[in-house]
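These are the structures in question, set out in turn.
Two complexes, one shared chain (chain A), two partners (chain B, chain C).
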Partner chain A sequence: MRQIRAEIGAVSKADGSAMFEMGNTKVIAAVYGPREVQNRSQISNHALVRCEYSMANFSTGDRMRKSKGDRRSTEISLVIRQTMEASILTHLLPRSQLLNLQIDIYVQVLQADGGTRSACINAATLALADAGIPMRDLVTSCSAGYLNSTNLNYVEDSAGGPDVTLGILPKLDKVTLLQPLSIFFQVLLSVIGRESGGVEAVIPLLPSKAMDSKLPIDILENVMQLAIEGCKAIANYIREILLENTKQLEYRRGV
Partner chain B sequence: MEEEKEAVMVTPGEVLGRSSDVKAGRGAYAAPHNNTVYASLTGFRRTIPPPPDSPDKRPTVEVTGHKAHGPVPQPGSVVIVRVTKVMARSASADIMCVGSKCVREKFTGIIRQQDVRATEIDKVDMHLSFHPGDIVKALVLSLGDARAYFLSTAKNELGVVSAESIAGATMVPVSWTEMQCPVTGQIEQRKVAKAAS
Partner chain C sequence: MRGIQLPLSKTQKVRLQKTLEQLESLSSKVNSDASVIIADSIPVNHEDGVLKGHGTADLNGEVVATLCGVVERVNKLVYVRALRSRYKPEVGDIVIGRVAEVAQKRWRLDINFNQDAVLMLSSMNMPDGVQRRRTALDELNMRCIFEENDVVCAEVRGFQHDGLHLQARSRKYGKLNRGQLLTVPPYLVKRQKQHFHHLEEFGVDLILGCNGFIWVGEHIEAKDDMVEDQVSQSDPQVLLHNSASLEEQEKNYTILDIRKYICRAANAVRVLSVLGFNITLEIIKGIIDLSLSMNLDIHEMLGSEFCVLVAEKEAERRSSNKKKR
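== the complex of A and B ==
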């Protein structure tokens, strides 16, 4: 597991923001909202969660120009959105009955060194918690690969070994994200879940990313276990950061 | 209301108790599948004992976060608005305060012709009731359409509380329909609010 570091309040204008580092991967997330829906055509009877993911041009070693709406970023936006949606309690938002609300999550990768997906989800969770948006649990995410270390860096990732990215609700022991995901995986996951301390797979079936490489079943179990442990470690750290931040704010307020 | 003195900080997802023992208040939620109450915000946990007359004897658990959401106009609340546009049948205004609290985001309201005053509502001339820039005390009637709240000034104590004359001076109320400019002495028509005494 690589070193993690987080900071709350990276963007002062946003309602909630956070910076999250995992080794050399560095991600910044900002949350705006809940606010009134801006685009009137998108009005629906539940709160709208939007997510925008982007990667800074200078984030990778080889500088390349990436267009905003490319396939990868659309996919990651979707992944983050669905993962967060599973955790946000839209019906508990203040005045959710009165107006049509939307929550915007902006995630920007400043430095990419593998595991950006996980780092983005962790940063988004922190930012949402900072914004005071009611959540079922803190979603945390971690990737694990078959180099038998959690949290692959870029070199390890691009070596082409099999890896999984996992997002869980740590206190509730529920899986909200698993990539790559296939029907076979889901079945397997429930079996593993029962064996390894009741981690239960529930929420959305994400569009399965094509598996880059094969992952034998016996290894998957180990990798999953590693990822779950990683997620829980991150959750503990995030909780610490949140409590520390709240303490600081209370202290400044003079309570 | 008595509050238990405890400064326990919680984060989202932390267990606050069984739903058979406690009720979920603000910042908490009860999961139906395992009858457990969880926190949904980061902040301090507070336990509020039940009101003595209620049949439900469970105390309420709340989590108060540090991010307070601004006040929101509700039907029946008195608001202070600034008029932005006056049309023949309605005037639109931006809500600035709800009660005594400032709003944090923009809410718009509409004062329709029939809501300006209580009597002779069909003889109201909007242009003789409000001008853009006037500060008006109004009552929220309803949430209105998706765009704006419906506001009313059909009470003695509601209406224009502060207005500038053409000369740019703050006018003094003369009657419930007139205000006078202290510089030029010119009288302008408004739906004036009765000053709270």
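== the complex of A and C ==
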């Protein structure tokens, strides 16, 4: 497990914002809203959650110019959006024909060193909590790989070993994100979930992504176990930070 | 933890840390352990029966929080008061908004709520002070009253089928000019009897909007000019003329001293918002006096030294208040 660090309030103009670090990976997230839908054509019958993921040009070793809407960032935006949407109580936000609300989440990777997607999810959770948006539970995420360590860095990640990224709701003991996800995985999920730490798997939410490499079942179990432990450790840390923040805001304000 | 983002020297850091600890010790006795975060379970006595309010949910018979904030209990009702969130309007609140759109018979105002508020043409007093039916001409001349991006002060009237409605039926409401608009987190402004303040010694008006928008501007005498000549006033030509003369008035300069005081008061609010302290008239006045007594320039009020000093003063004030009780 790499060292984690989080800070609330990184963007002053946003309704909620946070910075999250996992080892050398550093991410900031900003949340705007709930606010009225700006694009009227997208009207739906529940509050809209939008997410934009971007990676700073200077975030990786080789300075590449990436176009804004490349496949990777679109995919990660979708992953983050769906993971957060599962936790946000969208039904509490008023909706009618005249009014539609949206919540915008912007995540920016400042330094990428593996596990950006989990770092982004953790940062987004913190930012949403800071913005005072009602949620079922905190979402925490962690990746684990067959180098027998959680939270892989870039070198470990690019070594080509199999790895999974897991997102859980720690209080409800539910899995909201598991990547990569193949049909084979879906079958296994419920079995493994129950055996390792009593985490109940809910319906897989995400489209499948091709597995990079093969992974035997017994090792998968270990890897999952590691990822769950990682998620729980991160959840504890995030809870501490949030509680400290809430207390501070309250006592600083005075009566 | 939301850090106070200031470039602090080592001694300043220690002083600030000490002050914050003092503030914590002052408040912790008042309500201890009432802070909750998302998915914390809230201890309740189920035998008495519980009403679950905002920010709570039911999970396997347990009451859990869905927000980060402070648990409040009123008889059977249990709810979580969120600290940092958008403004939640209540009827009668005094708010300040910025005109986002001029629409049919109404203005849409951005008031930091999750939707724009509506100010109907019919629910505000005309600038000429005449009570009458609003004609189609009035509707055409709406931009003479408020344009886009104007800052407007109004009162929350309530929810109607098409959103949140405001009203401005008094001289004290209406367009604000010659001053500064500041935005602070809404939880720092407490609802009080009085939100309009006149700092007489400085000639400055201060409006603490419940939505976290704060206006600091030159004092304007609320003049009660119900015009005698009603016939000519109802003529829209005159209305146009009237607004032209208003613009002439605008060209009148605000005296430099008053402008300085406006900046001073604005900076006092900024310091409070950086520190996350409650914003009230008393405290703002205290900070202005402190800066004047120290002979500080206006820009120096935003420096870290003054910030630490304000924090120390505030801690002193709160502890002395506590002793009095």
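Some notes on this structure:
The criterion applied here is as follows: the second predicted complex is superposed on the first by the 246 of 255 C-alpha atoms of A that agree within 3 Å, B and C clash if a C-alpha of one lies under 4 Å from a C-alpha of the other, contacts with A are read in each partner's own complex, and residues count from 1 in each chain.
In the analysis below, contacts are C-beta pairs under 8 Å (C-beta built on N, C-alpha and C of every residue); 3 or more make two chains touch, one makes a residue touch a chain.
Remember, it's a predicted structure, so these values are computed and weren't measured experimentally.
If you put the two complexes together on chain A, you find that chain B and chain C bump into each other.
Legend: residue contacts after superposition of the two complexes on their common chain; A:Ala30 is shown touching neither chain B nor chain C.
When the two complexes are overlaid on their common chain A, residue A:Ala144 makes contact with neither chain B nor chain C. In the superposition on chain A, A:Leu101 contacts chain C only, with no contact to chain B.
When the two structures are aligned on the shared chain, A:Ala131 is found in touch with chain B and with chain C. When the two complexes are overlaid on their common chain A, residue A:Cys231 makes contact with neither chain B nor chain C.
When the two complexes are superposed via chain A, 241-249 is the only one of 7-15, 241-249 or 295-303 in chain C with C-alpha atoms clashing against chain B. According to the touch criterion, the shared surface of chain A, contacted by chain B in one complex and chain C in the other, consists of residues 15-16, 35-36, 89, 92, 98-99, 129-132, 134-138, 170-172, 239, 242-243, 245-247, 249-250, 253. Residues 9, 11-15, 27, 29, 31, 38, 40-44, 65-67, 69, 72, 74, 105, 143, 146 of chain B are the ones that touch chain A when the two sit in their complex. Residues of chain A that touch chain B in their complex: 15-16, 35-36, 40, 43, 89, 92, 94-95, 98-100, 129-132, 134-138, 169-172, 238-239, 242-243, 245-247, 249-250, 253. The residues of chain A lying in touch with chain C in their complex are 7-9, 15-16, 33-36, 89, 92-93, 98-99, 101, 129-138, 170-172, 239, 241-255. The touching residues of chain C, counted against chain A in their complex, run 1-3, 5, 20, 23-24, 26-28, 30, 34-39, 55, 57, 59, 64, 66-70, 82-86, 114-116, 162-163, 187-188, 275-278, 314, 318.
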